[in-house]
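Chain IDs A, B, C, D, E and F follow the sequence of writing; residue 1 opens each chain.
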Amino acid sequence: MENLLSLWHSTGLYNFTAGQAFMMLVGFLLLFLAIKKGFEPLLLLPIGFGAILSNIPVAGIAEEGGLLHFLYYGIKLGIFPLLIFMGVGAMTDFGPMLANPKTLLLGAAAQFGIFASLIGALALNMVPGLEFTLKDAAAIGIIGGADGPTAIYVASKLAPDLLGAIAVAAYSYMALVPLIQPPIMRALTTEAERKIEMQQLRAVSKTEKIVFPLMLLLLSILLLPSATPLVGMFALGNLMNASGVVDRLSQTAQNELINVVTIFLGLAVGSKLSAEAFLQLETLGILALGAVAFAIGTAAGVIMAKIMNKFSDTPINPLIGAAGVSAVPMAARVANKLGLESNPHNFLLMHAMGPNVAGVIGSAVAAGVLLSLVK
Amino acid sequence: MTELMSSGIELLMAGMGIVFLFLAMLVVAINIMSAVVLRFFPDEPKASSPSVVSTNDKRIVAAITAAVHQYRHDHK
Amino acid sequence: MENLLSLWHSTGLYNFTAGQAFMMLVGFLLLFLAIKKGFEPLLLLPIGFGAILSNIPVAGIAEEGGLLHFLYYGIKLGIFPLLIFMGVGAMTDFGPMLANPKTLLLGAAAQFGIFASLIGALALNMVPGLEFTLKDAAAIGIIGGADGPTAIYVASKLAPDLLGAIAVAAYSYMALVPLIQPPIMRALTTEAERKIEMQQLRAVSKTEKIVFPLMLLLLSILLLPSATPLVGMFALGNLMNASGVVDRLSQTAQNELINVVTIFLGLAVGSKLSAEAFLQLETLGILALGAVAFAIGTAAGVIMAKIMNKFSDTPINPLIGAAGVSAVPMAARVANKLGLESNPHNFLLMHAMGPNVAGVIGSAVAAGVLLSLVK
Amino acid sequence: MTELMSSGIELLMAGMGIVFLFLAMLVVAINIMSAVVLRFFPDEPKASSPSVVSTNDKRIVAAITAAVHQYRHDHK
Amino acid sequence: MENLLSLWHSTGLYNFTAGQAFMMLVGFLLLFLAIKKGFEPLLLLPIGFGAILSNIPVAGIAEEGGLLHFLYYGIKLGIFPLLIFMGVGAMTDFGPMLANPKTLLLGAAAQFGIFASLIGALALNMVPGLEFTLKDAAAIGIIGGADGPTAIYVASKLAPDLLGAIAVAAYSYMALVPLIQPPIMRALTTEAERKIEMQQLRAVSKTEKIVFPLMLLLLSILLLPSATPLVGMFALGNLMNASGVVDRLSQTAQNELINVVTIFLGLAVGSKLSAEAFLQLETLGILALGAVAFAIGTAAGVIMAKIMNKFSDTPINPLIGAAGVSAVPMAARVANKLGLESNPHNFLLMHAMGPNVAGVIGSAVAAGVLLSLVK
Amino acid sequence: MTELMSSGIELLMAGMGIVFLFLAMLVVAINIMSAVVLRFFPDEPKASSPSVVSTNDKRIVAAITAAVHQYRHDHK
């Protein structure tokens, strides 16, 4: 009898708090988005599952001694995002960007979303109850980088309490790129601009592809050492792939290793979706600012492309500017789709891949600036 | 304007400045690098689409060739 | 000369204790069983090897600073069994069980082996020299769950000193399922019962397979949070596979990740096969009780199936009750084999897979009960 | 009977009780769930055995088809 | 303005020390050797990259909290070299050695390079400014083992400060085997000797291949427990492969697991290429002694083969003695190549594989001696 | 000669001695083991080179055989 009572007292039903129940619903919502809506399932499925596991009463899976608590060290120490970045580097082909380097500037312009939403976060401090520090604001801004591992890396350093919300926002909006970007792109371009066809890209030699990651790393070392963990691991992965001499390492980095780390990272991020941390006014602010960041980044990229088109000797379709936010390869696909709508012979995919991967570099650089200047 | 906000704006300017500076320098560096590489270290240009036959395919083709030869031989 | 003497003093020959020598023989025996007899080689080969390595005098491979000591943290922190459970979840197809859910009850009945051998362990305390605590008895009982990672997880929490013997017993008896089960199954069934043909299973929809792991997790959260680490990781693996949206994660979980963890887990378990821990009267008790547990679990499953056959509107072959112990998929194969012996047209494999995977759930639930009530 | 043994028997009863309760509830839950899913969210039933042709096989078949066509073309 | 100044003060350009710049050049040199010259790229690419990353000013990637600092624990605790050794064991086929066991003695003779360069290191203490302890000398000598993981394992235990230089020397000279060995081999053999054809090797049964790793381990346990971590993990890998019952574990050990560990090990070794540790007179000594070690090991192997050829009833081509240094499989290929030059029908590859893998055992044994006697 | 150097030479002698002893004992052990195994536990000798057809190849061959049969059937 006593035993039965103690058993009843150990059930989840008896111990549930409203916050835990709500966060579990959030977890199920993320699973629904991942599985039924196809929202970045590779991350949102483990994140959603981690959210559920970490909000189970009594079990303490996200507390000292629990699996998710242990996995979180991989984020705290910066290991998981950097290993994912290495794998992403190994998957990235810089060919289209090297064939048309000026499109790098589109990847620069789109980072305006990061800093604009940083300012937005500070402005939101006027709302009573919201108190974002500069660190918080910087971590929120990085959502605009549209790059998951970069966002998680920066948030884990500057605002670990907001990590869960920031990661969820970053991946959700990346999944929403095909919905967020088109209206902005249409509003800022004319039909004639969207019809612009671009010159076929030249073939890029293997040597160029080998030298590029080293050059990128070197520039980052000289100018912005705080960005070198991110840029360095990205360049390492890219060099492993481009050099062609360590194929087995490159394959493992972009397959098994990144898969294992993705599972662990997702679960660990999910473990930060606790009621205390997530059910705050701040979270609504973060979700709102994330959308703003994506929108502003998209707009900045398109406007930059329009400006460059004015001054360039070869035509530039302003649609590819939107790909500068990164969100590889969705943003490039969106540009391609809108281009085809206006001109069925206009294949922009390869042209948009340049700004797209430039956006990854751009947000890593922006991350370096934030990590170095925000103390 | 609060001190925080002015830090933010400073950050915006420094940040976008550095991002543009960095990527612009990268554009210059790539242009120089490509020129140097293409001039002094040309390699076989990256094979474009046609030769996508993978090792696996090659083995398949080899196996087929053998099978077809065998077949011809057996049935002529 | 002095050097040579010091060298002689550093040899294994000089430093061997009888216990170490004996445990090394145990290790070689496990290797023999794994390699020549095909006893669960995936686990028993690394466990046997770990037993040899950890009993090498002087080398200290299982002591502070040694590799096996380090790997053991993966068990101590519960990481390895949970990751294996995730992989097993990804490999499990709940289709046959969902097509005929009442066979779940067979997986419940077979867990009687767990609790019966728990009582048996306490009864053995009457033997002078044996002193099993309630925790010890619970850890021993879980052998009857016929599920390696569950047994290791529970033993690591309740009775780490007995871990080596428990893991060895669990995997050995799982390998012996084709020998242990048939006589019991034959004794408890009539020829007519063994001839019973079952109705073909309906096809199960993809949505059912996606919803099931979530439902399983939810029930575990509400009723038995202490089982959620095990059930949760199992459900995660299963969901990754069933959802079909994260195939690369699912593949990695059921291949490379589980392989790496299996090697590490096996070696770490082997490191607990030290003379002090293993060469005890307790070990004989554990081995005896493990066999009893399997036998009772089998019998309970068969009897339950006979009862259900009486009341069911569709026929149930009692042989499939034996598959309720888990030991996936051997127990199901045993049921199939005995069915074919009595009736060459009677393919029970798919029908037995239902209770078989239900047995995994059943023993995870039993593990939760033990972890929650045994303090 | 020792206190330990009585704890054990209590554990046996609580344990088997919960295991049965849990799995019985799961049976009920599955039945409800299947009914709901099959009624309101039917999807294409899981393809049974015939279509086991894997990607790899498809490539093999494609390669063979091509080879055989080539052969026919060359030898007609 | 202040901000800009602080930014400038945070650039790499402002903070570079001459040592860091030089070590970065060393890193780029290693990348060049790996990518363009094909020098052991699997290791030298990550090592070179690690050298660059760890010498970035301000970023602190190799300092407390940085990724490379964390990865270094895998070396410090001996985990990475042992896991690599397991993978190498799984890749090794002892068939040719078992078919002609006396070639094991060639693998013994070639270890003379280890001890000769150990003496050389002590002799170099006469050079003012050089002060090698016995531990240092032993760690340097092991370069002559021509086996990367063994060298790293021993250096991490005996002389962690010299680890970077030792690992670089070991892998570089392994890559240089096709240049270092031939002149020595030609100088020590006559044309007639090089023409010697050897008898075809008998087929080795599967049982022999299964028993051998266990026998090797047993001998090591009895005679030299200090070598058992290395020998044991090697034997485990080999047994997993030879037994054929755990193919999925063996495949993972020799593919994904070894690949992941290779990336981590390489980066971690690179992190020891700091200016303070590397830019020392000692480094030059190490590089010189490494070359000497390879040369002496080669010579000893060839001379031993000549002696054995005198007393053997079946002919032994002295060229295969050079393969005794290990450096699998390059040294065996070199022997094969020189054999073909003198006699186009003389395929020595399989005959040289025996001493080649014996050299791996030989250097693991030598490592055990050093670890056990050098205190 | 310094003490250090004499330690080194002692190490050289002990080391080479043990290495030779170890590998020589291994030679003996292998010879005994091979004799015992080949006499008392012979297994099918390790298949030499001919049967290098991997599973993949087998599937390819099976697919080809099927394709060629089909072709014969269609065109006879």
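By definition in this document, contacts are C-beta pairs under 8 Å (C-beta built on N, C-alpha and C of every residue); 3 or more make two chains touch, one makes a residue touch a chain.
The model shown is predicted, which means the values in this text are computed figures rather than measured ones.
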Sort the other chains by how far their Cα centres are from that of subunit A and give me the top one.
-> F
If every chain is reduced to the average of its C-alpha atoms, which one ends up farthest from subunit C?
-> B
Would you mind pulling out the distance in Å between where the CA atoms of subunit B average out and where those of subunit E do?
-> 34
Chain-centre distance (mean CA atoms) for subunit B and subunit D, in whole Å, is 40
CA centroids of subunit C and subunit F: separation to the nearest Å works out as 34
Going through subunit A residue by residue, note those that touch at least 2 other chains and give them in order.
-> 3, 7, 223-224, 256, 373
Specify, in ascending order, the residues of subunit F that touch 2 or more different other chains.
-> 11, 14, 18, 56, 60, 64, 68
Of subunit A, residues touching subunit B in the complex | 95, 98, 101-102, 104-105, 107-109, 111-112, 114-116, 118-119, 122-123, 125, 133-134, 137-138, 203-209, 211-212, 215-216, 219-220, 223-224, 358, 361-362, 365-366, 369-370, 373-374
Would you pull the subunit D residues touching subunit A in the complex into a rising list?
-> 10-11, 14, 18
Subunit E contact footprint on subunit F (complex, rising order) = 2, 4-5, 7-9, 11-12, 14-16, 18-27, 29-31, 33-34, 37-38, 41-46, 48
Footprint of subunit A on subunit C - complex, ascending | 77-79, 82, 86, 210, 214, 217, 221-226, 228-229, 232-233, 236, 239-240, 243, 245-246, 248-249, 251-253, 256-257, 372-373
Along subunit C, where are the residues that touch subunit F in the complex?
-> 3-4, 7
